[in-house]
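Each of the next two complexes has chain A plus one more chain, namely chain B in the first and chain C in the second.
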Partner chain A sequence: MSLASIPQNSHLGRTLSVLRDVTSRPSGAVGLSLVLFHLILAVISPYIAPFDYRTMNAAMMLTGPDGVHWLGTDHLGRDVFSRTIQGGREAILVTGIATPIAVAWGGLVGIFFGLIGGRVDEVMMRFVDAFLSLPWILKMLVLIVTFGTGIEVLIPTLAFFYGIPVIRIARAATHDVVARDFVAAARARGQSRMTIMRKELLPNVLDALMVEGAMRWSWMLLAFSSLSFLGFGVSPPTPDWGLMIADARGFMSFAPWGVLGPVIALSTLIIGINLTADALAKALGIDRAQKAPV
Partner chain B sequence: MTDTPVIQLSDLSIGFTGRAGHTLPVLRNIDLTVRPGESIGLVGESGSGKSTVALAAMGYLKRGLRVLGGTARFEGHDMFALKRRELETLRGGQLALIPQNSGQSLTPTLRIGAQLTEALRLHSRLDPAQFPDRVLELLGQVRLPDPQTITRRYPHELSGGQQQRVAIAMALAGEPRALLLDEPTTGLDVTTQAHILELLRDLARETGMAMVYVSHDLGAIARVCDRVVVMYAGEVVMEGSARQVLTAPTHPYARGLLASIPKLSDPHLPMALGGRPPAPGGAGDGCAFVDRCALASDLCRATRPMLAPGPGGAPVRCHHADRADTLPMSSQGDHAARAEAGTAPVLSLQDLEIRYSRPGLLDRLRGREDTRPATVDDITISIAKGETLGLVGESGSGKSTILKTIAGLLPPAGGEIRFDGDAPLPRSVEQRGPDHLRRIQLIFQNPDDSLNPRHTIAEILEQPLKLYFGLSGTALQDRCVEILERVRLGGHYLDRLPSQLSGGEKQRVAVARAFAANPDLVLCDEVTSALDVSVQAAVLELLNDLKAAQGTTYVFVSHDLAVVRALSDRVAVLYQGRLCEIGPSAEVYALPSHPYTEVLLGAVLEPDPDTAPKLTADDVIELSPPAKGCPFQRRCPRKIGARCDTDTPPWQTRDDGHAIRCHIPLDDLHRQQQADS
Partner chain C sequence: MLQMFLRRLFLGAITVAIVSMIIFAGVEILPGDACTAFLEREAQGRVLENCREELDLNRPAVVRYLDWASDALRGDLGVSANGQRSIAEMVGARLQNSLLLAACALIVGVPTAIFLGVVSGLWRDRPVDLVLSTGAIFAMTIPEFVSATVLILVFSVWLGWLPGIVLTSANAPASEFFPEIILPVVVLAMVMTAHILRTVRSSVIEVMNSDYVQMATLKGVPYWRIVFRHALPNALLPAINVVALTIAWLLGGVVVIEVVFNYPGLGRMMIDAISDRDLPVVQAIALIVATVYVGVNLTADLLTMVANPRLRTLYTRK
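What follows is the complex of A and B.
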């Protein structure tokens, strides 16, 4: 190893090399492009949409794709293409805020339980297990029915429910680390529990949390779209993929284009996130089957 | 016995493709011939390619490696040209491998009998009806007592030494022509290691197998091997009879390696071999050892020496082999810094008792005391300021446990710890004040585990400085550099991560972190046992220099009696968590000794083909101490009768402070031991 090959800042160096590793894998390159495409589209779509998503046209109901309406029109005569490219804005915004919150609180609680261990940890984990055994949609509908369906309810609800499985992951990752001597060294020095969590444990658990966060994001997107599909998410006329699928479902046999646009948009985003998470896990060495040679 | 080689590697080179696309060699032009009945030792530092050579002889390459040239033949078969099927029949059958830590290579859910039967089914031509008898025969052959019982055991019910014996029995199942041993005794206790090596010697003689013995331990090599091959940076640098390589090596590296081994007979610190081997592909055109060699000349930098007969006839890869005998070979390092006599104790342990077990819930509800013997009991030691106390004993003797308790990581069940004449120290680290925390520091065995892999060296050193001294900004930065320089690493290490450092450098950082606190007492837990011998010598030297400069007191725990001797003023010997003997190190290493110390000292292997270990007690590992009497009663070769089983032996103290805990009067003990030696 020559001196020149050692980057000035080792942390930055590691981040860059992980990023390089992710983009050099086919799954990472494809996945990351898909995610970036959707993120950029969500930002610029209002400015490039050919039609207003609210404009109805009674004369143009359920027309097929043509040169003007690229993906045809829906049952109210609205342009499906314009609605599709803007249909992810709400979903990405809500889940994009809720995911970091979920990972942060779930991660901290998991690291804490992993550090203290013992009986408290065991008992708390049984609560987590019990909670996870209930179907998510049931739990979520209860909250939404009680508090309403606005963003201000959806974000905390999703962040709360999706943080709970993160506890499990963070705790398991912490258990691997907590038995190591550097944690004992920190204890012997007299570091506070908070410092041990923040300085010794968190940096070692972060890899697992990042991969977990990416996976949670894709599941959260599905959950958000499912809620919209059921009518508990975004309210019309705001375009949303789940809502659009629900609306166009009835006409699927003779006007399939109404479903096709949002379905492709939603699935490409979710596949993109999953591929990225996969490549990230391999780059970080979390996937144990794929260890680097030598 | 024919003279056709069993294993023959010819001009074998193995390498991998690096990140930049270059081919980087791991082995370069290896020639190795092993004849029937011969045992060959492969020695070298970690990374020298010795295990790769052994695995290549089996036709096996680690992931990512490929053959760059040459051949590996076993009994005429070209191992890298054979089909998978053919390899499978050879491997494990005629060519067997015994790995390091074979406890992990036994299947945990199968009984020993079933595992041996499977080995026979795959590799033996015997009639299956004979398998049960053959299993017993094999277990007898590896000297396991009561083979019948062993067949019904699961691997976890056996000790490390017994597991290693079972692994050897499995290897013998196919009646191999050659046995490859990859550090087979590393990680075992000294007494167990000595017994396993004697077994291997006997087996080689009985069966006429060829053996390739890979080890970094020249003592083990000296005991088992006829011929020794010294490897450095993927090359053979010297080859010759064990006697020649170990007593009159003609390669500077081999001499340096020998000088860096601490020896029981020698109270000096071993000499460090500076520098580190080149990375694969980094050797350049010249000699790979040139950067660390005292004899290096321009010729060495320009051309790579060939393996050619040197003085004494043994092949050596050195331009200046004729001058190698000018280099020192035995340790001529310093005497360890000694404590001044008559200073006040800085640490005293009084009747320390430590338990890992807790009484069960029912017993606690009924208010019952735990009747099981404590893991560590009855430890009373005081350590003077500036003194180094060595704690020795086999694994499970409680030596690391005592360090953890002093550090407050494991609260004792009874007794007290006094530090610097103060009131007793609070039992756990959470109750101790910042001053006590700062003044007692702990260094761990393995720096890979004790340094956070996500922290840069700067962040590692900043933690104690911020915590104890509240430093920040440039003062903090300057202090980090200063501390790094004190452990002979420069400020340019600050931004590196531990993974970018070698093993020895990492341990220096761990030492630096402990000394950053300006401690009065440093607890060293097997600090050199994860390191190569050459690196070990450097770390010992560093610890000694720091002590000389700062008057630090050390408690130095190690299973290696020679290392302890080199560094310690006083030595305490522990067995099953009880003290057996304590005294000035010169006295403890001389007669009379506690019978356990005698067993330990007898089992130590010296890198000298003429010394044989004295094996007096068996190598059974005891899992818990006896409830009463002498802790060593079950293994003691000098046991005098029922008194040893029932009465706790008394301390017999001599004028020089040397104390032995034994029922045998010291004069009698001395006489018996002199008669035996």
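What follows is the complex of A and C.
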């Protein structure tokens, strides 16, 4: 059901009713609880972890799950459970900062080009298309290999590359709005481009941007953990799911518990975000059936 | 029709040209060049000058770009920075292997996806649909390296049915990649199937609810005749574009899969080239991948136009 029919008297009221709509759907309720669970875990995990994630123990390498080490130990004798519950902190921090930046800059640029239209818009879109035709992993790896793998490189890199597809979404959404009467009216009143963008376009494009932001977040997490997995992300000994899976893969034949923890943790977070995004899209009445990750 | 075809072809060519500029400019802007990467610590003074002289790196960037682009057009991709081997030769076998992987995934994935998508669309909100739709969300959202790891764990480590790693050398003929190629193909096909399935499902639902299908039902046309003759031809059109989008995804996703399974394809070569900072190879691979991407999208657009006569007039009017 679209919310357009419900009368809205304030931003807060609308936010609350969207939230209610999201939580009333099974996918939204499950998704949102998974996301909240992971967010809370990321905050409190350092205080509840039974072991230090750095403590190695040569006598306890690759031992199976037992009462002390609930998920066993890894190849350096570190406690897998402690590392698993803390393995999402870096990923959530980096993508949590990079996603809003990406949506903000991509959204503004997209709205701007959608508004001015014409030649300039056409040419810019050719550049965006050209840029999107390069696989994400190539673009990111080249930058990361050149500038290093710290947070200070990963955040701007992710924010930059994941903002570019947002340009397209924002521009398409703006095109739908620009042709409507109230924009023509604003133009006739002689309002500046900035005012039109802020007062007329942004409120109408915001819904699409929110859904896009939720989707971008999950793709960014996917990219981040893939980079870690390939050895281009978080540097050891910081626990990270991608890196943990990469490390434990070699011992999978006799110590499969090493991969299971991070696999379940990473999957539940990403599925949670996607279910939430799905419910949000339905609550806001936005169709996102046809999109593939770029 | 022909005019439109040429127009699309022209736009595609322009996109490739812009990509080649972005690639070249990107590599130019980054600190260091082929010589500093090749010589590493000895890269200073005379040695560096000689190397740059030898590789013609001292000429203006525009001249070098035009040289590089016109060589690439003729199929000459230059030589790699370390080892000085012809890139076209190095890339050849790897590209074939990657295409083999992608082709197998397409052959398995597309028919499965269309079949399952139609099934879940026709039996909307029934148990079959719920299982398929939930499965699709799992398959498309879980990172490829995670699902690959789980599949290796189950089918290779626990059950011992399939080899979990590819040991065939890069230049081996295609037939030698079986059965090692099966698990990588399954992982790729799984993600593709999920994306295509969702689109086919929603488009089947849309068409089955349309006026003309209702009309046919009221007229007394048998159900399966409606499905096959009236609904499916229209419902499957959007699938063409999603298949193209998925192939585009495949170009990036294949990189991770190739690393996970140790598959000797273009993606693993790319990772190696990036780690070695072998810029000429990176440039060449980027150009190839982008060209394939543009080509796939172009083909999809043309196929949609051929399949749907309405689009032809729409395009010319614009």
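One rule holds in what follows: the second predicted complex is superposed on the first by the 277 of 294 C-alpha atoms of A that agree within 3 Å, B and C clash if a C-alpha of one lies under 4 Å from a C-alpha of the other, contacts with A are read in each partner's own complex, and residues count from 1 in each chain.
One rule holds in what follows: a contact is a pair of C-beta atoms (placed from the backbone, for glycine too) under 8 Å apart; a residue touches a chain by one contact, two chains touch by 3 or more.
These numbers were taken from a predicted model, which means no experiment stands behind them.
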Partner chain(s) touched by A:Arg14 [first = chain B, second = chain C, both, neither]: first
First, second, both or neither for A:Arg187, with chain B first and chain C second: first
First (chain B), second (chain C), both or neither touched by A:Lys199: first
Touching partner for A:Thr146 - first (chain B), second (chain C), both, neither: second
Larger contact residue set on chain A - chain B or chain C: C
Partner chain(s) touched by A:Arg249 [first = chain B, second = chain C, both, neither]: second
Common ground on chain A, meaning residues reached by chain C in one complex and by chain B in the other: 291, 293-294
Residues on chain A engaged by chain C in the complex (per definition of touch): 126-127, 129-131, 133-138, 141-142, 145-146, 218, 222, 225-226, 229-230, 242, 245-246, 249, 252-253, 256, 259, 263, 266-267, 270-271, 273-275, 278, 289-294
Of chain B, residues touching chain A in the complex: 16, 62-65, 279, 404, 407-409, 429, 432, 434, 437, 441-442, 444-446, 449-456, 463-464, 467, 492, 495-497, 500, 513, 517
Residues of chain C that touch chain A when the two form their complex: 11, 14-16, 18-19, 22-23, 26-27, 30-32, 137-138, 141-146, 149-150, 152-153, 157-158, 195, 198-199, 202, 238, 241-242, 245-246, 248-249, 251-252, 255-256, 259, 270-271, 274-275, 277, 282, 285-286, 289-290, 293-294
Residues on chain A engaged by chain B in the complex (per definition of touch): 1, 3, 6-11, 14, 180-182, 184-191, 199-200, 203-204, 206, 291, 293-294
